[in-house]
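Both of the next two complexes hold chain A, though its partner changes from chain B to chain C.
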Partner chain A sequence: MNCKVRIPTPLRRLTGNAAELSIEAATVGDLVGAIEARHPGFASKILDEKGQIRRFINIYVNQEDVRFGGGLGTPLKDGDEVSIIPAIAGGAG
Partner chain B sequence: MRLTVAQMHEVIAHCRAERPNEACGILAGRGGRVVRVYATRNADLSPQSFLINSEDQFRVMTETERDDLEFTAIYHSHPTSDALPSQRDVQLTTYPEALHLIVSLRREPVVGRAYRIVEGHVTEVPLIVEKEVSDVR
Partner chain C sequence: MAGKGAVDGYGGLTPEQMRRYSRHMLLAEIGLSGQKKIARGSALVVGTGALGSPAAYYLAAAGVGRLGLIDGDRVDLSNLGRQILHATPDIGRPKVESAAEKLHRLNPGLEVAAHEGRLDSSNALDLFRRYDVIVDATDNFATRYLINDACVLTGRPFVHGSVLRFDGQASTFIPGSGPCYRCLYPDPPAPGTVPSCQEAGVLGPVPGIIGTIQALEVLKLLTGAGRTLAGRLLLFDGLALRFDEVRLRRDPGCAICGDHPIIKGLIDYDEFCGLAADRGPDA
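Moving on, here comes the complex of A and B:
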């Protein structure tokens, strides 16, 4: 399935400054793997040591946060728009 | 960074309303001038930390991309400490292009200060609060 992937600024140094990628993948997990194949080092910023989506990363397929759905197993269809979004956090600590 | 008195009031009002928890939001603009204030939800609901609600962040990113706006700054409050970036603020910075506006509610009057935080380096930048043209006589 061919998907459009939105890459926000914090991740663009890993994608050769590309703001958008066109990726063939059947699931969100496959998509992360396909980006990793093209841009080595990408997956480790998105997934933790257990292969799960990192706490400060949110992945949306169209308007849906995959964390509240199928996670990395979320199926993709042609024309889906995937957004990989680093969270914004901080505070007095 | 530049914002109007009304925008600064909006940010401060949001920070006060969320007390005792930290407030957080995004200032969208162009060329360092704020055009729109997005008050977002703090998913941490904490007096000592913030995490912008992911749904709110997604909505803001979608709208700002559509309207060709940048993340001029990310703002948050320090309800009981000074307007200085904490270690957590520095460590968790993700969007290097966005400045950080910190509003301290520790004492009155409240204090707002702006910083650029890039790869662990913190630099204070001028925070210019302007009257709207319609206010100038």
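Moving on, here comes the complex of A and C:
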């Protein structure tokens, strides 16, 4: 399944500054693996030591947080839009 | 609570206020009744930097009757590229003092309370109970989780904004009727894993846009106009100049607003965020 993945700016240094990737994957977990194969070091930013999505990062498929759905097993279909959104803290100082 | 100078006649507003807010009055969604709600309303802006500057400036301009500011920092030259409440002669002054002076100059009829110091677990609940809406304009995770928990515990809505580099995020959290910040991000990142603005930079207009959106959300909360960002996270990409949004859900397992909350009072947020006695780097 071909999906469009939006990469937030804090993670773009790992994707050669690409803001959007086109990835073939059947599930969200496959998608993270496919990005890792293309851009080594990416998966460890998204997943913890147990292979779960880090709790300060959310992955959305068509605006829905996969944490409230199938998690990494969430199936993907052609044309799905995937967004990876980390918590950011800046604002005052 | 009405600001100084509100009198009866013109539905409770002075002739000067009627003229000052005349453009608001033309809006069917605001009108005289909305403007009176704004004048009776109060907001606490936590952080008077890059987000708090535009947020507080617009709230003062809009006539929010009582504004609170809390910040423990002093104005530094490196702030002036984006923190528009402060000017070059203010370098070295407490930010809340510099900010309160500008807000008074803009709109002398308002009550502005400057709380110099850091928001912490000992003062947050008392302070939050004095205001209708809280604006999260801080620069670190420890204070963001503190604001969330104190808002859940006091039932106060808060408007969240955060920025980094060219990106911004904003949302509105209303305790009891939707998700909270912990439902969105259950745990903070370990120190050093997510860069701050001090490390990664930020372009001035980006917090300007997000802080302005925060002010708009406060005015909508006070007047009941429109649809707030409750249940939605707004994402701004300044490089592509693009807004997106994702849906937020209340997490039944949330540690503070879930079905079986385990957090029933404020905790040590520096410890929760993995910081020792030291604060994290400023944004």
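Just so we're on the same page, the second predicted complex is superposed on the first by the 88 of 93 C-alpha atoms of A that agree within 3 Å, B and C clash if a C-alpha of one lies under 4 Å from a C-alpha of the other, contacts with A are read in each partner's own complex, and residues count from 1 in each chain.
One rule holds in what follows: contacts are C-beta pairs under 8 Å (C-beta built on N, C-alpha and C of every residue); 3 or more make two chains touch, one makes a residue touch a chain.
A quick note: this is a predicted structure, and the numbers were derived from the prediction, not measured.
Student: What is the contact status of A:41 with respect to chain B (first) and chain C (second): first, second, both, or neither?
Tutor: It touches nothing on chain B or chain C.
Student: Looking at the overlay, does A:9 come into contact with chain B only (first), chain C only (second), both, or neither?
Tutor: In the superposition, A:9 touches chain B and chain C alike.
Student: Once chain A of both complexes is superposed, is A:87 in touch with chain B (first), chain C (second), both, or neither?
Tutor: both
Student: Which chain makes contact with more of the residues of chain A, chain B or else chain C?
Tutor: C
Student: Contact-wise, after the overlay, does A:58 reach chain B, chain C, both or neither (first, second, both, neither)?
Tutor: In the superposition, A:58 contacts both chain B and chain C.
Student: Which residues form the common part of the chain A surface touched by chain B and by chain C?
Tutor: Residues common to the chain A contacts of chain C and of chain B are 6, 8-10, 56, 58, 60, 63, 65, 67, 83, 85-93, listed in rising order.
Student: Name, in rising order, each residue of chain A that touches chain C in their complex.
Tutor: 6, 8-10, 19, 54-56, 58, 60, 63-65, 67-68, 83, 85-93
Student: With touch defined as at the start, can you tell me which chain A residues reach chain B in the complex?
Tutor: 6, 8-10, 56, 58, 60, 63, 65, 67, 83, 85-93
Student: For the complex, which residues does chain C have touching chain A?
Tutor: The contact residues of chain C facing chain A are 47-52, 71, 73, 79, 137-141, 144, 161-167, 169, 184-189, 194-198, 200, 202, 207, 210-211, 233, 235, 237, 239-240, 244-249, 251, 280, 282-283.
Student: Report the residues of chain B in contact with chain A in the complex, numbered from low to high.
Tutor: Residues of chain B touching chain A: 22, 24, 26, 44, 46-52, 54-55, 57-58, 61, 65, 74, 76, 78-81, 85-89, 92-97, 100.
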